[in-house]
Structure formats: C-alpha cells, structure tokens
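Please read through the structure below; I'll follow up with questions.
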Amino acid sequence: MSITYLDAIREAQARALAEDPRVFIYGQDIGAFGGAFKATKGLAQRFPGRVLDSPISEDAMIGMAVGASVEGMRPIIEMQFADFSTAGFNQIVNQAATLHWRTNVPCPMIVRLPCGGTSGSGPFHSQSLETIYAHYPGLVVLTPATVEDAYSMLLGAVALDDPVIFCEHKYLYYHLKAEQLPTEATPIGKARIARPGRDMTVVAYSAMLHEALAVAQELAAEGTEIEVVDLRSVKPLDTDTVMASVARTGRLLCVGEAWPWGGVTAEVVARVASEGFGLLDAPPRRLNAKDTPVPYHPNLWAAHRPTARSIAAAARDLLGL
Amino acid sequence: MSITYLDAIREAQARALAEDPRVFIYGQDIGAFGGAFKATKGLAQRFPGRVLDSPISEDAMIGMAVGASVEGMRPIIEMQFADFSTAGFNQIVNQAATLHWRTNVPCPMIVRLPCGGTSGSGPFHSQSLETIYAHYPGLVVLTPATVEDAYSMLLGAVALDDPVIFCEHKYLYYHLKAEQLPTEATPIGKARIARPGRDMTVVAYSAMLHEALAVAQELAAEGTEIEVVDLRSVKPLDTDTVMASVARTGRLLCVGEAWPWGGVTAEVVARVASEGFGLLDAPPRRLNAKDTPVPYHPNLWAAHRPTARSIAAAARDLLGL
Amino acid sequence: MVHTVLNHGAAGEVSLFRDVYVEAYRWMLLARFLDEKFASLYRMGKIHGGVFLGRGQEALSVALGLALRKGDIFAPLIRDAAGRLAFGESLSDSVRTYLGSALGPMKGRDGSVHRGRPKDGLLPMISHLGAMISVVNGALMARRLKGISGMVGAASVGDGATSTGSFHEGLNQAAVERLPLVVVVANNHYAYSTPNERQFACASLVDKAAGYGIHGEELDATDLAGCLPALANAVERARSGSGPQLVIARLLRLCGHGEHDDASYIDPALKASPVGRDCLLVAEEYLRESGWADPVMLEAWREEARQKVETAVAKVQREPGPDPYTEDWCALASKHLAEGGV
Amino acid sequence: MVHTVLNHGAAGEVSLFRDVYVEAYRWMLLARFLDEKFASLYRMGKIHGGVFLGRGQEALSVALGLALRKGDIFAPLIRDAAGRLAFGESLSDSVRTYLGSALGPMKGRDGSVHRGRPKDGLLPMISHLGAMISVVNGALMARRLKGISGMVGAASVGDGATSTGSFHEGLNQAAVERLPLVVVVANNHYAYSTPNERQFACASLVDKAAGYGIHGEELDATDLAGCLPALANAVERARSGSGPQLVIARLLRLCGHGEHDDASYIDPALKASPVGRDCLLVAEEYLRESGWADPVMLEAWREEARQKVETAVAKVQREPGPDPYTEDWCALASKHLAEGGV
C-alpha cells in the first residue's frame, strides 16, 4: 500500500468525521465532486449531510465556521486554493482569531489551505500565506511536510480548541508517499529533527523540507553533516528545538518558500540571533522566494523559489566550502 | 502657527489635488463631512467632484483605485481605520500589488491607513498592519513618524509609480505638532538618524519613534548615548542606514507597535544578524506589542504595546546597566 | 408567545398586546436612560473610546429582542441597547463593558458595544460591518447539524452595512441553506455622514430580497405598535421554515454616529418628517391615548428605569479594572501553545 | 454601429445584420479552433498549468466583444476567447500567454487566461472571482473625471461569481455612481461542479438587478441571433447614460471547468435540453438556413480559422521563454526602490 500526502489528508478527515460528531466540512466543490484536489473524495457519500458545498463566498464560509464553532461544532473549511483565502481574510483574522480572547469562548475550527507553488500555476494559485496568518494573535498555523504529519497534525488540529490555519503543500499532494499512516499523534507545536547532523542547522518546513533533505544528502556524500529541522508548526514556533540544534552545530540557515519580507525565516533568524547569539559561529542566513508574485513560466518559477541547488549553494557558502 | 500631523496629511492632499489633476480622493465620509478624523476637511468644497464619498465597500474602493490608476489617475483611498482594510485586502495584495509585474503598466495609488493604538479604541480600531502589506511583493509601505514626514512622504507617495500603503498613526494625529511644513521632499525609502549616539542603536518607526526618543533623552541624562533610527519606510527597508548605525554602536534594539510574530522587528534583526553579524557586540533585541488583540481598557492597552518605560528597560538590559 | 398574541385580533387578547407593548416600552425606557447615562459619562471623560447610542432605534430594536426567545441567536449592533435588554442581556453586562470592569463578560479586553455571551446566543459584534450575518448562519447550521430545530437567528445591520460584501455573502448563504435567519436593516438614512443616495441606488432596500430569493418587507420603525407584530411575524416565519427574512426599517438616528459627532449633516427636512419622530415619545403617546398608562405610571416607570441605571453604574464604578500583571496575555484557548511575545 | 444595425428592421439593413452575424460567427469559429488547439497542446503536455475553454459560451462572448468599441473597457473572464478576439485582442497575445512566450504581453510572468493590455482597455483578470468589476468601475470613473464621455466598461462573470462580495460591492458601486457598466453573467448552471441550487436561491439571477437599482435582462445565449442585439442594446443603454446593465445569459459549458475536468457532474437532462445546444452549431445552422453561407463557404472559413491558429501557434512555439537570469525580479515600477530578496 502506498499513501500520498493527499490521501493522508482525506483519511484524517474521514477519521475525524467518523469519530467526532462535531466535525463537518464546508467548501467549494467538496461534496459529491470531492474537491478540486479530491481531498474530500467519497466523504460526502460516506457522511451524508456533513460535507457541504458552499457558494463562492470565502468571507461567509469563515463566518459560518465561527458561528458553528461557538455552538460546539468543529468545522473544517476547505479553501480551493490558499490564494483565495484573502477573500475570507477579514473573518479569519478579526472574527475567528479574536473570539476566544474577547469572550473566553473557544473557537475551534480548521481552515485548510492548499498552498505553495507548482509549475505553471502562476501568481494566484501558488501562494504560501503562512506569514500573514501567523502574524495575527489567536491563530495556530501548521505546515506539515510529510505524509505522516499531514495525517496526524490534521487530527491534532481537530482536537485543538483554537482556529488552525492548516497549510497543505500542493506539490506534496501527489509527490509524497508513505507506506502507512501513523498511529501516534503528532504533538502540535513541536518541531522535529528530520535528519541529525553536526556541521550546520537547516531549518525548513513544508515542501522546502525535502529540498533541504536533498541538500543534506548531497553534502553528506562530501563529508558534511547537515542537521535538518522540520518546523511543522510556524505558529507557535518551537524555538527550543531550533536553538538546541544551533547549539550543536553553530550554524543556521533558514529556508522558506514564502516571500522574503518578514515571515518564518525572519522570525527564526531573529529569535536565534537574539536568544542564541552566543551559539552562532557564523552569521545566520535565510533563503526565501524572490520578492515578486509567483511566476507562471516554469523557467521563472524554478528560479523564484529556493531549490536544493540554491540551498546547497547557501549552505556551502555558510560552511566556507 | 502650529501644524499637527493630521494637518500635514490634509495639507499634503490639498497640495496634491491643487497641483496634480490626476489626483482624487475616495473613501467613506470624506466628502462634505471631511472624514472620520477630518483628514480631508474642506477638500471636497475646494476641489469639487474630486473628493468622493464611497459606499462601505472596501473591496470595491480598492478595485476602483486600481482601475482609475490604469487610466492614468493617482487615486488616494482613505480607509476609515487601518483595521477595515482587511475587507479590501484581496484587492490590495492581489490586484494592486501584482498589476505592474504582470502587465508592465504601473499602478500608482495610495491607501491611507489610520493605524495604531489609542487608549480605549479596542481590538478593531487600533491595529498596526504594516507587516501584512510589506510581506507582499509590489507594495511600498510607509510609516511616517513626524509632521514633516507625514507631509512630504505623502507627496512623495503621490509622485511614485507604485501602490503605496501609507500608515498614519492615529495617536500622532493630534499629539504631534510642528512649526511649519517642509519645503524639501523626503526621499522615499530612506531611513534617517533621528538622534545620533554612540552606545547603542534603537530602530523605531511611527509612534514608537517618540517613545524611543524619550528613552534616548532619559539615558542621555545618565551619560548613555542612544542613536535612534527612524525607518520611515518599512518596505523598502533601508538596511544601509541601519547597518551603518549598528557599525557605530555595536548594539541593536528594534521596536515596533505591531504584533510580535514576523514583521518589521524580525526583518530588521534578521537582516542585521545575517548581513552585519560582525558589527554586533551583543545579541540584537526586539520589542513588540504582546501577542493578543489590542485591548480596550487603558490599563491593558498601556501594557500591551512598547512604551518608553519598557524600551528603557530593554535598552538598559542590553547595555548591561 | 409574542407572535401568537400579536396576530389575533380577538377581544380577550387586546390585554395581552397591552402587556407586550408595556413591556417593550419599559425596555425602551431603560435602554434610553442607559444610553443617556453612557453619554453623560462620556462627556465627563469617564468612558474610554467611543459611545454609540440607539436613540430613535429603540422601537425596532426592542421588537426584535422580544420576538426572539431564549435559545435563539442574536447578533445585535451598536444601536441595540433596547433589543439586547429585551433578549436578556443584563444591565451590568453593558455597564461593565463600557466601563471596562474586569468582572464584565469581556473583562476589559474589549469594550463599549463589542459585548456578548456567545454561549447564551448573544454574539459579540466585531466592528467590521456585515461580518456577523454569516456567523449567525453558522450557529444556525450547527443547530441543524445537531438536529435541533425551531430556532431563529437574527442579525442587525445598518443601511451602510448593506454595501459590504459580507452582507451579500451572508444573505446568499442563508438563502441557499434556507436558514431561519432574520436580518433587520435599520435604515436610518445615513451611514455615519453618508446619505442613502451615496450608499445604494435601489428604490428601496427591500428590493434586495428578491435577488436573494427570500422574503422581504419594509416598515415604519418610529411606531412601536407596528414594529412589534412585524418583527414577531418575521421571526415566526423564519422559525416555521419559510427561510431567511429581510426586514427594512425606516427611521432616523436621533443623535450623532457616536457621541463625538454632532450629526449636523442630517437633513432638517428629514428630521421634521414623520421618519424623524422619536419612537419613545410616539410609544408614550400611544400608551396615554390607549389608556394603558397615565402620567403617574409613566413617571414611576421612568423613575424605576433611572434608578436601575444609576444603581448598576454606581456598583460597576466600584469594580476593579483589569490588571495587566495578572492578565495571561494569551489569545489562544490552548494555553500550552502560547508563545511569549518579544 | 452594431447597435444601429441591429435595431433597425428596415429592409436595406438586413444585409448589415448579415455582415455582423457573419463576422461574429467567424470570431466564434476562430475562438473555438484556438480553444481546441490549447486543449490539444494541453493533452500533449505542452502547456503549463490549466487550460480553460469557452466552448458553448462563444455566442455570448462574441456578442459582447462586438458590442464594445475601441476606447471601451473590457474585463473578460476565462471563457471569453471569442469576445477577446472580437474586441481586438490578437491571436498571438493568447497563444503567447498560454505558451509563456517572453514576447507575450505577460512575458511568461502570468499565463493562460490571465492576460490583457490595460492601456488598450483590455484588463487582465486576476483569478479571484468578482474582483474585476470594481476595477472596470475605476477605469470608468477615471474617464469621467477626465471629462471623457461615451465610453462603456464591461465585465464578464459566471453564475458562481455572483456569490462573491466583490460582485456585490462592484455592482452597487457602479449603481451609486451610475457608471456605464455592463456586467454579463454567463449562467452556465455550474460553478466548477457546483449547481445553481447550491449557489443562489433567487428565481433568476436577473432578480438581483432591482436590488441594485439597475436594469437587468435575461437571454438565451445559445442563439447568436438573440445575443447580438441584446448585448448591443445593453452596451448602448450604458453608453447613452442609462446606468449599469446586468445581463444574465443562460447557457451550458460544453466542456470541463478546465481541461483536467471531465464534467461528469453535469446533468444529462440539461445537456439534452435547449440550453445544452452548441451555439456554434446553432449559428452555423442559421447561416445555412438564411442562405448567408453555403457549405463551401463554411468549410473555407473553418479552414482559414484553423490555419490562423496553426500559424500563430507554430510561430510562438519558436519564440523564447522568459530568461530567469535577465528577469529583473522586481515587482515595483520604481526600480530604485527594489529590495534584493534574501
């Protein structure tokens, strides 16, 4: 058996629907059709009345989830692409994110965002929006990079009492496979060492994890051992795990697919620089996408975001190789 | 004569309307009424047909500006509060910000955001949103901290061929006064040394500049000289000026009123740590608002954002005082 | 009950209508005194931030509040002091929120009109206009998913809010799901300073109903006697499965947008027209003319309302504000996920 | 001109109508061949990303494109290949955009249907549905502010887009400003897989017009002979000062949402009904029956269209793609403000 990242997301939803009567799913074309990416395929049939097609109304989709959450439900909202969540942005950041703080009533809900670039998708179907959500208080922002995490973190998110922005990487949907689904829950908010090493730390998340792992393998062949940290959750950010790794390696490169201004790489580097200054043997480095919209043409697209190649170059540079 | 920060914004708009036939202003209650803060008071009367009341439609307000801009106009959009710009977010970040890159046709327009906290304004009338706009490629994000800059940077923004997010701090509207308006233009994108010093650098912008200056004065009395950098523009960010200051002082504290995750302070610290690591004699530090919505009650509000007091404490700590 | 009472002309039920009318009037009175107290506290500098009054909107608001039952959902807006009280909000919730008492439902974190008790069906508004409609839809969907029926959800908005995308998406969503939603639009002819003609171009806002495929009606909201049955009927239609209801109410705001605003932009002709009548005076007149209350009773009610407000305010003024040192500064319910701010 | 022609029954003008009809048909043909070429390139893996066709929507689209003039504003959508061509977009613009040619208007930065030439009045759509309407409004406002009159702006949307807040705000804004805007809703009964009954609850989308205070009408968009005068009249009404126009067109999408989609969700009964007719075949039939074209002519036009498409594609396929090394990677027009990415 071989399970994709996308299968894992579907299976996690199936399990949540089966085990928790509070769960329902709401989104465009997710019912009989099974969703633009088929992340809900078969679920409307298996769970009648609990997998509902919404109108093209991102603002009202989120508002709906907040209201249902207040009444004790655990809604999962599928955005057709992360990029369209900007049309529901106000309800996410001002309604969902503030409710608990203002009223002491929790607002558990999940917004699933198909994120990230794939070749040919262009400026409006490729965005990585973790930064804009993580900046707001009151949201948990998850970025699973593996099939196992996609499954168990989605289940973890369902169990959480807060609104969760669940960033699924579209490139990983089909490209990533595992043999089986995990039986253990993944603790929300904890990073993990995806590959141990002693010469430098590369912090990555989502699709960039795999680019980083490829670089680690490449450099290992040359005798350099890179430790790769998979953040898993960008808000909260597991500073302890990152710091402990940098304490071992003395060198930090942080990689993200999002735009360069602010965001995950800035936050990680700023935290390490300010809280772990003495651990660093060299200046910390960042690698992000370029500061333009995500390009359509594959040539431009490949040059726009970090790749194993550009990560390797930055890593070598940082190691003085 | 005494001119407030708010007067400066009104005068800059009056001058832009008078000198540039491409300029018009569109926003809620900005016509005969002169705007919620009176930033357009008298302008509808002086410039008939060019200062227009909009419906409560932030999305369409921005779309309108983009269309007018394509046709050669220079629209200024007033959001009633920065907080409501989230309802026009999609058009700002996906329509205005991408147009030039996609088509090579410039999209000059200004979105004026009354930003920042004032006591008693609560979670939805106090937000500082520079981060979410600066993260997107294609936008210029300005944060004037003085009466002079409010005036000349707004005029500079009108002259610019790109969409500008103009963050006006509501606390400064009435509290900040100058004797006269500047005659010189302020170059967009350049920070300035607001107060020279040799012992440490405090980087600030918007209302926090004045808290930082108060701290510099306080510590000067004790013989410590703080150099205060006023960023003026957070995107682009003038790394050179910041770096040159840190090169002189060896110490960096960056202060912002926005939420702590990501954003200006992370970006500044990350840049200095990665590009100016060797300049630092001590770990760089950041000070932001707390990671909750902006509170209503004055007691909470005062504790939520950085103040001269908390900045002074951080500065002393960094200086080992 | 209100519904049944207000729709039977039978002789014996006149007294029931009288009871409802009197109850409504007394909530209006309480709301008016409460609002006036807030205005006076504002002038004395004792309230932080803005103060927003329902002056002129009490008849509409109370009629909605009374038409709803315990177990229903209500998302009131800034001018709904009367409807909130009638729905069951305590006087002290509003006073505590305005004064920022740590004992209030928002514990000083949020203030003024941004209060509610979600678990009691009273949703706390965010400022962004139109945004509460879909939240009410969600609460109604939850009930449906749980198999609970017979509930109604109501959202108040202003004429200005009809221009928001949220209003549109929320109404359409409710129509598609055929939810028991009542949206009450208080058309007070201005959104802050902006007159209707700069806000919309339809002949009447009720013309929007057909575009959503829902029932709509319009009413004169200066007249409590008209508001009571109209709102009761709208709520009852929603409750009995007729789908979303759009109620457009004509009135005037008899004060500024907030207490900082002198409302000098309001057309004097409108003020002088029937729509500019003070619904509280109209109701008082009606009570007097129908013989349901005499000047002595009216004065006693007034005095009682005044007292209640004074007592509530005096009590809350002695309550502590929130303490930043004991505040947990964590926006998440999952406290173990809190990040310290830096 | 189209307008004048199509509204005079006079004998001498039949030939003019014929000319317009034939022109329209030939644009439809070209659009259909172009779309089919894109579909085949897609199947061959020669197009990056999705391919979206106008199959079934050509009559409506071309009628709009022809009703507009140079100097007007047009914001087409994904199914508007025919209207774009009729409005003046070159074949090579579309081919270059789909193939990502560096010589195209989007220079490979954006692709497929996201093309335009703003300075020629052809606005490049962003993907977010409904978002182009207010942009058209802005262009029209600019003209008004500059004292230019007699212009029209048109925006195409689908039935699904009517549920967006942007659609609502854009239409309302145009109504308040009484702009010469024409919004054409191609109601192809599905938004991706979602049928109308999960999208809206009004009897007809044309019922929305009254709610904005604008003129609305509905038409059968499988029939070019009906589309041409209807769109010409709507555009003319806008042009002559009657304010925004809402045109609801009934049709069916005779293909998937994109070429990755087999459209198996479309109700066979709808496909078999008159709304499922192929407008291109209907038009061909009309041409034949009215004697305006014989099979030889039709075949010649077909061949010409096929050749044009093949030539354009062959040319563009030899063009270079964008070069990441010479790309300036700067989203700002103010190059001096560029920040290097890190």
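Lettered A, B, C and D in written order, each chain numbered from 1.
One rule holds for everything that comes next: contacts are C-beta pairs under 8 Å (C-beta built on N, C-alpha and C of every residue); 3 or more make two chains touch, one makes a residue touch a chain.
Just so it is clear, the model here is predicted, and its values are computed rather than measured.
Participant: Could you run down the chains that neighbour chain C and chain D together?
Facilitator: Correct list: A, B.
Participant: Work out the mean Cα position per chain and let me know which chain is farthest from chain D.
Facilitator: Farthest chain from chain D, going by C-alpha centroids: C.
Participant: Need the CA-centroid distance for the pair chain A / chain D, whole Å please.
Facilitator: Their C-alpha centroids are separated by 36 Å.
Participant: When the centre of a chain is set as the mean of its C-alpha atoms, what distance in Å lies between chain B and chain D?
Facilitator: Whole-Å distance between the two chain centres: 41.
Participant: Name the residues of chain C that each touch 2 or more other chains.
Facilitator: 106, 109-110, 114, 126-128, 163-166, 169, 172, 176, 198-200, 330-331, 338-339, 342
Participant: Could you tell me which residues belong to chain B and also touch two or more other chains?
Facilitator: Within chain B, residues 54-55, 57, 59, 83, 86-87, 90, 94, 97-98, 101-102, 123-124, 137-138, 235, 237, 259, 261, 265, 274, 286, 290-293 contact more than one other chain.
Participant: Enumerate the contact residues on chain A facing chain C in the complex.
Facilitator: Residues of chain A touching chain C: 24, 49-50, 54-55, 57-73, 75, 90-91, 94-95, 97-108, 137-138, 140, 160-162, 188-189, 235-237, 271, 274.
Participant: Which positions of chain B touch chain C when the two form their complex?
Facilitator: Those in contact with chain C are residues 28-29, 31-33, 36, 53-57, 59, 81, 83-84, 86-87, 119-125, 259-261, 265, 286-293, 295-300, 302-304.
Participant: Enumerate the contact residues on chain C facing chain A in the complex.
Facilitator: Answer in residue numbers: 73, 105-107, 109-110, 114, 116-119, 123-124, 126-128, 131-143, 145-146, 165-166, 169-170, 172-173, 176, 330-334, 336-339, 342.
Participant: With touch defined as at the start, can you tell me which chain B residues reach chain A in the complex?
Facilitator: 83, 86-87, 89-90, 93-94, 97-98, 101-102, 123-124, 131-132, 134-138, 235, 237, 258-259, 261-267, 269-270, 272-275, 277-278, 280, 282-286, 290-293
Participant: Please give the residue numbers of chain D that touch chain C in the complex, ascending.
Facilitator: 163-169, 172, 175-176, 178, 197-203, 207-214, 243
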